[in-house]
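Next come two complexes, and both contain subunit A; in the first it sits with subunit B, in the second with subunit C.
Coming up: the complex of A and B.
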């Protein structure tokens, strides 16, 4: 009983050390991990990209890859960007990197594109473009202006070249020329697309919108899947692990899956032990009072 | 002396060592508060701010404002500067009334946009919460994020959904005192909210662990294995 009570007073640094060991162990001693269970929102994300690729009209349109994250959430957001961009490149879809919530996003998105472009024969300007960063205060006005005229609303790419002079932007005018919107974010930047662009195309169907939030933001987005405002979602690093499995790729997410599981086991064990300690302390106090 | 600046391999090694030092410096807060941590914290904030200023100028202000005004003869863009500076008059006791002019203009813009935004974001959500057929419609399993359920499980799922929506809405109904069965439903709503908070807590743990895993992978693989010991990746 005394041992259980003492569990409540473990130095937090000991807990940090345990966590570091749990997370490091799979990197130091890699072991095969079972295939992840693919959640329905990940499957529908994958299906949506495949459907865009299979549609002869939509596959010539542009996918917006909105990278609204900074290096602080790179383990989740950058991994999601890599898996999603890999899928777009594998299916030869044209895309535009864009950022309006965090300036680092346009650079981090470009970093992944630079890493993958040779593998898939992609070339800047011909197959993809980086629209750069627009400040958050201008996001709504920029997105609203994109409905009718994207080259005019965005103006120049991240290198200062006018969009009308970039080959991949040829025949891209407004919302009707968008194949999908993919929002990769560590902050609340999704609503701008849903509010001001998603339902502005000429067709009856909204522009397919796919969401890659950090795990902490995912629970709030589930109603948007049910309402049809989102067509798919990757839930943090777990979503990236599932997507790598769907693409049959073994990247960082797959390598990290054992660390994620071990750290969760540790947290669960600590919660159980902490609660046992609380119950033991209460029981001890009751016995002390009864005496 | 500075030849290493043009050597990509040496630059990568220097980058990795510096990033490792930054990571360890920031994690030193886990042991206790220290100056090493404070230094790297300020460095990180300074770099992020400097980068934000650079991208705002390079991607927006220069191509959309400065170049058209200076190089393309659109001199009227010069009026944007005093208009923008009006925002800062809020710090002046004497002239703060002038800042209200520009604030009023932007309040007007924001109010109109907010109305459109609210309708586009919340109306489909409300419709999907109300429009729940007891027996799931054909093709419901193909909806985004939907689990493939048997018809009976689909009916139970929809009943559960309705029960949760009604319970939680009742909990937030404060117009009259909740008594009797209403209080019971409201209490159930509170418990169901706690389930949701539990799910959010679980996701938060996963998000924070992911960040730690990212840095641990960097320290073990990129720094120690590939840079310090020169082992293959």
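Coming up: the complex of A and C.
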């Protein structure tokens, strides 16, 4: 009984050590993990990108890949960026990296593009562009101005070249020339797109908007999926794992699946052990009182 | 509305802008302090009024009204104003930490590290931007990818350790509410990972039986139980945000920053 009672108060250093082992062990000694179940929001994300690629009019338009995150959430956001960019490049879609929430976003988006561009024969300027970073407080005004004139609202790319001189921006004027908006974020930056750009195109349909938040932020977006304001969502690292399965690619997300599973199971096991300890302590107290 | 200029005209424009800014600065300094607040309130009101009017004013066949052409230059102007805030932030940070170093206050070594980091990333960033070559690219990547990116990710990852400790201590069967919270958290966590989903992989993912798969139960909790509660919170936040925006626009806000003498 004494051992069980002690389970309710395990030293926190032991917990930290167990987590470190649970997270790092699968990377050092890869262990097989079952394929993940693909959730409806991930499937609809994938189908939206596929639909844009299959449409002869929309596939010539531009996808905004909004990288509004910093290195702090790179385990989730950078992995999402890689898997989504891979899909865009695989389907030969034109895209623009953009960031208005964190200056690191433009660098991190470019980092992934540099890593993947040779694999898919992509070339900066011809197939994609980096619009760079704009200050957060100017985001609303910039996005409002983008509705009618993107080259004027953004001005220059991350290298200082005027957008009108970049081949991929040829024929790209305003909201009507956007194929989709993909927001990858670790903060509350999605509303800017939904409020000021999504429904400003000439067509009756809104610009397809896809969302890649961190896992803790995902629950806030479920109402937006239900209302049709979002056409798909990748939930943190788990969403990236599902997306890699859909793309039939085994990248970092798939390798991290075991790590994610083990750390979650560790938390669940600790919760069970803690409660066992609490029950044992209560039983011991009752017996002590009865005597 | 405005066309970009180059060469001597650009320098003329820059000098003109600097001169105009200087004049505005001295005029604002010369204004009696009792008039400064109404002036700031007036500028705030006019700035807000522009966007409200542009949004609500009927548009023509081209989807624009007489105010629409001003949106682009105003957006660029806002970006410039925000860039000033960055300079102000650096100035404020530097003044605090320079004082700490000069007076050798406790922990002044950290201030030195801050300056080293600030200058290293800024200098290498400028060099990469304006003198692009392989060496400058590698030096920048050394600081950005090897330093900042890794440190930032490490700092944030530490949260995982606190979450484990907090979950272990908080999720206890103490009351009915705590038990409901514990059970739903347990199911959602199981439904989030491949290994948890594998527990119910043998149940068909079609028709009625699909309701018993752990990922579907977790998704049901998130979409049918959690979402309505979040919508209610969001609605309250929206109303509060509207009220705050109106108070800011009409300069009715009170409290720190707003009641101070300008």
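We take it that the second predicted complex is superposed on the first by the 288 of 291 C-alpha atoms of A that agree within 3 Å, B and C clash if a C-alpha of one lies under 4 Å from a C-alpha of the other, contacts with A are read in each partner's own complex, and residues count from 1 in each chain.
To be clear about the criterion, contacts are C-beta pairs under 8 Å (C-beta built on N, C-alpha and C of every residue); 3 or more make two chains touch, one makes a residue touch a chain.
All of these numbers come straight from a predicted model, not from anything done at the bench.
Colleague: Looking at the combined model built on subunit A, do subunit B and subunit C fit side by side or clash?
Modeller: Aligned on subunit A, subunit C clashes with subunit B.
Colleague: Applying the touch criterion given at the start, work out whether A:167 contacts subunit B, subunit C, both or neither, answering first, second, both or neither.
Modeller: neither
Colleague: For A:145, select first, second, both or neither according to whether it touches subunit B, subunit C, the two together, or no partner.
Modeller: After superposing on A, A:145 lies in contact with subunit C but is clear of subunit B.
Colleague: In the superposed arrangement, does A:278 touch subunit B (first), subunit C (second), both or neither?
Modeller: A:278 contacts subunit C only, not subunit B.
Colleague: Tell me the contact category for A:121 with respect to subunit B and subunit C: first, second, both or neither.
Modeller: A:121 contacts neither subunit B nor subunit C.
Colleague: Output check: A:34 vs subunit B and subunit C. Expected answer is one of first, second, both, neither. What do you get?
Modeller: The second partner, subunit C, only.
Colleague: Does the superposition put A:44 against subunit B (first), subunit C (second), both, or neither?
Modeller: The first partner, subunit B, only.
Colleague: Output check: A:263 vs subunit B and subunit C. Expected answer is one of first, second, both, neither. What do you get?
Modeller: A:263 contacts both subunit B and subunit C.
Colleague: Can A:198 be said to touch subunit B (first), subunit C (second), both, or neither?
Modeller: Once the two structures are laid over each other on A, A:198 reaches subunit B alone.
Colleague: Just subunit B (first), just subunit C (second), both, or neither: which does A:24 touch?
Modeller: Touch status of A:24: first partner only.
Colleague: Thinking only about the overlay and not a real complex, which stretch of subunit B clashes with subunit C: 91-99, 127-135, 181-189 or 217-225?
Modeller: In the superposed model, subunit B runs into subunit C at 91-99.
Colleague: Output the subunit A positions appearing in both contact lists, the one against subunit B and the one against subunit C.
Modeller: Shared contact residues on subunit A: 16, 19, 23, 39-40, 70, 72-75, 104, 107, 134-135, 138, 141, 144, 155, 160, 215, 218-220, 222-223, 225-226, 235, 238, 260, 263-264, 267.
Colleague: Using the touch rule from the top, collect the residues of subunit A that touch subunit C in their complex.
Modeller: It is residues 10, 12, 15-16, 18-19, 23, 33-37, 39-40, 70-75, 104, 107-108, 111, 134-138, 141-142, 144-145, 148-149, 152-153, 155, 159-160, 162, 202, 215, 218-220, 222-223, 225-226, 235, 238, 241, 257-258, 260-268, 270-271, 273-275, 278-279 of subunit A that touch subunit C.
Colleague: Going by the contact rule set out above, which residues of subunit B touch subunit A in the complex?
Modeller: Listed in rising order, the residues are 30-31, 48, 51-52, 54-56, 58-60, 62-64, 109, 113, 116-118, 120-121, 124-125, 127-129, 143-148, 196, 199-200, 203-217, 220-221.
Colleague: For a test of understanding, state which residues of subunit C touch subunit A in their complex under the given definition.
Modeller: 4, 51, 63-64, 68, 71-72, 74-76, 78-79, 81-83, 85-86, 129, 144-145, 148-153, 155-157, 160-161, 163-165, 167-169, 171-174, 182, 186, 189-190, 192-198, 201, 205, 213, 215, 219, 222-223, 226-227, 230-231, 234
Colleague: Write out the stretch or stretches of subunit A touching subunit B in their complex.
Modeller: 13, 16, 19-20, 23-24, 27-28, 39-41, 44, 48, 70, 72-76, 79, 103-104, 106-107, 132-135, 138, 140-141, 144, 155-156, 158, 160, 191, 194-196, 198-199, 214-220, 222-233, 235-238, 252, 255-256, 259-260, 263-264, 267
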